[in-house]
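So, here come the structures, one by one.
Each of the next two complexes has chain A plus one other chain: chain B in the first, chain C in the second.
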Partner chain A sequence: MFTGRGRYAAILFLLPAAAVYGLFILYPLVRGVLLSFTDNSGGPTSNFVGLRQYQSLLHDPTTMGALWHTVIYAVVVLIAQTGLGLLAASVLARRERIRRTASSILLLPALISPVMASFIWSYLYRPDGGINTLLGNLGLGSLQQIWLGNPSIALYAVAAVNIWMFVGYSCIIFLAGYAGIPRELFEAADLDGAGRWKRFTRIEWPMLAPALTVNVTLSLIGSLGVFDFPLVLTNGGPVNSTNTLALLIYQDIFNDSDFGMGAATAVLLLLLVVVVSTGASILLRRRERAL
Partner chain B sequence: MTDTDLQPPRAPAADQLSTPPPARRRRRRGRTLDALLILAVLAFISPFLLTLVDSFRTAADLDSDPLGWPRALTLSNYALSAKQIMFVSSALNTLLLTLASCVCISVIGALAAYPLGRLTTRWSALVYRSFVLGLTIPIFVIIAPLYLLMRDLHLLDNRIGLVIIFTALNLPVAVFFYTSFVRQIPTELEDAASIDGAGPFRTFFFVVFPLMRPITGTLLTFVSLQVWNNLVVPLVFLTDPSKSTVMANAYSFADPHTLQPAQLFPAALLGAAPLLVLFVIFQRQVISGMTTGAVK
Partner chain C sequence: MRLIRSLALLSAVAAVTSGVAACGSSSSGNSSGQVTLTVESWKGGGSEPANVAEVDAAFEKAYPNIKLSFSYVPPNDVYQEKLQSQLLAGDAADVIMVDPQHVQSWGKSGYLADLSSQPWAGQISAPLKPFVSYQGKLLASPMELSPVGLYVNMSVLAKAGITTAPTDFPSFLTDLGKLKTAGLPGYSFPDSQGYMAEFVMLMSAATTVYKQTPDWDQQFMQGKVSFTNSFQTPLEQIQQLGGYVNFADAVGTDETTTGEPDFIAGKSAFYAGGSWLAEAIEKANFKLAFIPWPGGGTGTQPSALMFPGTMWAMNAATSHSAAAEDYINFWSQSENLAPFLSSEAAISPFRSSGTAGDPLLSTMVAAYSADRFALFPTNSWDLAQPETTIRSVLQGFLLGKTSVSATLQAIQSAAAPSGS
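Coming up: the complex of A and B.
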């Protein structure tokens, strides 16, 4: 079909996608790197400043703080979301009667959008909101917190909303993985008298490798570029404790019109994403191949 | 009537009364565990349930005890919230935006995936790889230069500009989905079409694209979720609230930190309602869209 004269047809088929993707994704990607070496502030002219943006970036506590928060956030979300999703899936996988219902209910938060989830939780987190009221009613008043106002816990409180929203998502991905495990393996394990833990470590964990890859990848992509949750819940505060790289880029550009700085921060985010996703995919591929 | 019904009822043996047989006991324990698990799942989504119930309670009732049982129900909260976040016009905008983006993404993506799935040359592999590269790049990496580009093209505050951005952002996932699907379609049908004299474009639109229906459904549920829920794109590239989407207007006009629950909760549910309805209807496609790639 696409050999010989068909080559031209292949090019025509590819043209619209290549044009849109090239102009609106690849070109900005390249221009962004160039922009990061300038002091562009949205105006018609800008000066080449070399590595100055990067130097001030590396010495800027706000940017370094945002980098650090992004990393912590990604690690917390990755571990908790994947862990809880796996736990839920491993329990539901053998409870056929309720599996569909329970996983559909768990999935509901994943459908209500980060903005809407943040609306709900910003009420629950208020000093006089749902969580503190509940703790008070249970006689656990000592655990009451100003959840989003305390710099040492605000980031985790924001991450908790992220986790709450997507545990169900993680769970159904693992459940799809469970559905792909041949029954004979479990029957053989039963015959050999393998216990539950052994079954998990020897059969389920290795057989779930593709599902784990999908989960880890999705969670990393989402959390390294996290924006909606901190924007709505805390707007980066208190004292920048929930500022992330994405939020910083947004502020650079749209509050300060500092496109050069925004682009430099974006390159930092790109490097973080490339390093983390390459590392993760090497590790995960090795696991999948070992299967 | 079966034979067993005619037999006189037999009193259960004494030992059966005190200790039920293991199978039945296990079944009963299983049922209790099932019930407990459903309760745990409901507790987990209780913030959502609380929002749902509270959104119908009157402001006075809510003030007295936000976690309590409702005493008076009303729909007026919804009317107020809808007006505040310009729900009707923004929902219409978002719906049109989502539909237009879905059409562009599926047609352009499928067109590109067809040769990419069939060819095994070095350049086609390179093109495919450069598309897939886009899967991992957060929009924030390109948002500053993209903003300048849209400004130079006079596409800021323009609905068509938004469709273009969403199409570009979702092409990687479309190309990824469609290419792996094309590789599984046998070539016999296309060969038959070309023997009948159909050119590549007719073959594509009348033979290949219709075969892609299942994966298109999966892709589009995924894409609609992305477009409907996206906040940053309308926030950055649109300034006129009358053109903007549900999420951007909800964010701009409803401050979740000061708003009373009676207005905040309906706002939260209004934004989510269209997708929740969609989920109930297309539950199967949504789940398969979300779990693609989880099984080898």
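Coming up: the complex of A and C.
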């Protein structure tokens, strides 16, 4: 594309950004990976231990449990948050008068800090808290649960807080997608007598493909790295049922001063995020082109 | 991006590890002999003023040639993150606040100066010495012993016709039974974060394990004793509480945000916690007692559990070691330490000193004076990673997923020193 002096000028212009990126992103990343091959405990000295940290990780049931919980959490958040966001957007897209107000209300939880949101929900989730009281008042006492104390449902209860916070974001992204669909397509569908479901499957769903890609990618990256919600709501319990990889990194570094193990767990999480989000992005982009 | 930033943080630490030259601690002196001594602490600001400013003002008055530059750093993760980086960079304060775990980890890294020759060293309560030492070197001056025990709402007990707080386990169960029968609030056992069951196990062990074997921790680290043989009673006591506590609810209830406020609001008669909660709990509108866990048999006196709390240490890289030693020495003297202990509702860690005058602590002080106490094993087997596992294992026990013996076996595996 560039030849002669133009090429040198392009390189010259790229250099500052490349230097900043290299210094603050690539170099620390490489050092982080190198740290994972040591037994560093935060002190000035450390020993090279090769792959020992990774071998320990792979044989540690707590880490493997956290990996599994992280994946389950991401899948639940991805499906529920994207689904609810799409549902809300499809309703609001055709109701211009309430769209702005309703979407603002949906976005409100995202303005609260995750820590504060977790505190609020810890009150709602307590055995005699708001949710169980509401269920009791509605005559649904059989659905009352020890939401954060039952290892079988605690992870889903934590995920629900994540979904509550960020479903507004998903909705807004889908609404932007709806705004990009030409009105003529809907008018043509009306003339052809297409019903609501057919309009959705034949026009909206295909045309929302770019919004879906953005939603899925953002949701995956956010939920695979989840940390705040399980930390405040359950601290990884009960019985490790809400432990996630990001929480383990925190525990390794701040509780155990095991920087080497923390770095190894962080590399594992990085690989997970890169593989899953890149894979999902490639598949969804391919789908976009096919449509 | 968050992950990359996390790795960036870790690597920044590693980069410093790999050889950034230490530039000495940040204090300064001048030709007139005036020294500015820097101090970093997680007490003395925020929600924990702890009368640190008062003690420091008295120090500056007593040592006019030393000016203090005090920095409050929020506790826990923030303190750890900031101090860890500063110590690596050789830029930490001359005097820093530490806890027993810091003594071990920062002692291992060589960040803390040896204070073995200081005049107060011989006054430290003997059982506390392992908590302020690393490999035979005395690296910190203790500031307090914080009792961990059972807060009792005596007003609720009175409604059930109970006039004194329980002193042994049978009477404790009897009291719980009377409260239950009378339809009164009973024992609040919130364990969502996992530390309540750990507290109760250790509080019970103070009487049922450590009373007989005061050096149990050392013996355990040497492989001479085990949880499976020694800790049945503490777990059986927790199990017996199941008749009065809904453990499924307990595991779903947060200790700090729910358990403590509920107790203050009079919704429970018993709540376990440390003396650091006393200031908040004493504001409650009922008659209050704070007692050691009544873990012994009928008619016996219980032993108290004490938490070796905050300590002062001297940065090994300080260029003002004499001033730093003066500061730490000043804090070790009973009359100077008293305002801090009073604020903390804690007991002096020095044998020669008086103990706290708070009437709420009288039962704890009596136990301490009679040598009926054990220390929270934060420097041996109950360190960070084992502690996290132990808390999780105990949650499983509360939920009925494991038996006493299986739970003890799991704790044994988590706590045993590597290689044993």
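By our rule, the second predicted complex is superposed on the first by the 267 of 291 C-alpha atoms of A that agree within 3 Å, B and C clash if a C-alpha of one lies under 4 Å from a C-alpha of the other, contacts with A are read in each partner's own complex, and residues count from 1 in each chain.
In this section, a contact is a pair of C-beta atoms (placed from the backbone, for glycine too) under 8 Å apart; a residue touches a chain by one contact, two chains touch by 3 or more.
Nothing here was measured: the structure is a model prediction, and the numbers come from that model.
Considered on the superposed chain A, chain B and chain C are sterically incompatible, since they clash. With both structures placed on the common chain, the touch criterion links A:104 to chain B but leaves chain C unconnected. When both complexes are overlaid on chain A, the residue A:263 reaches chain B and chain C alike. In the superposition on chain A, A:29 makes contact with both chain B and chain C. Residue contacts after overlaying the shared chain place A:240 against chain C, while chain B stays out of touching range. Contact with neither chain B nor chain C is seen for A:140 once the two complexes are overlaid on the shared chain. Of the two partner chains, chain B is the only one that A:172 touches; chain C does not reach it.
In the superposition on chain A, the chain among chain B and chain C reaching more residues of chain A is B.
In the superposed pair of complexes, A:58 makes contact with neither chain B nor chain C. Of the two partner chains placed around the shared chain by superposition, neither chain B nor chain C is touched by A:188. In the superposition on chain A, A:114 contacts chain B only, with no contact to chain C. Residues 24-25, 27-29, 31-32, 35, 40, 42, 119, 122-123, 126, 225, 249, 253-254, 259, 262-263, 266-267, 269-270, 273 of chain A lie at the contact with chain B in one complex and at the contact with chain C in the other.
On the side of chain A, the complex with chain B involves touching residues 1-2, 6, 9-10, 12-14, 16-18, 20-21, 23-29, 31-32, 35, 40, 42, 91-92, 95, 97-98, 101-102, 104-116, 118-124, 126, 129-130, 133-134, 137, 164, 167, 169, 172-177, 179-180, 210-211, 213-214, 217, 221, 224-225, 227-228, 231-233, 245-246, 249-250, 252-254, 259, 262-263, 266-267, 269-270, 273-274, 277, 288, 291.
Only residues 2-4, 6-15, 17, 76-77, 80-81, 84, 88, 105-106, 108-111, 192-194, 246, 248-254, 257-258, 383-385, 387-389, 391-393, 395-396, 399, 401 of chain C touch chain A when the two sit together in their complex. Contacts from chain A toward chain C in the complex involve residues 24-25, 27-35, 38, 40-46, 62, 119, 122-123, 125-127, 146-151, 225, 234-240, 249, 251, 253-259, 262-263, 266-267, 269-270, 273. Partner chain A is touched in their complex by these residues of chain B: 30, 33-34, 37-38, 41-42, 44-45, 47-48, 50-51, 66-67, 108-109, 111-112, 114-116, 118-119, 124, 127, 130-131, 134-149, 164-165, 167-169, 171-172, 175, 187, 190, 194, 199-201, 203-204, 225, 228-229, 231-232, 236, 247, 250-251, 254, 256-257, 261, 264-265, 267-269, 271-272, 275-276, 279, 283, 286-287, 290-291, 293-296.
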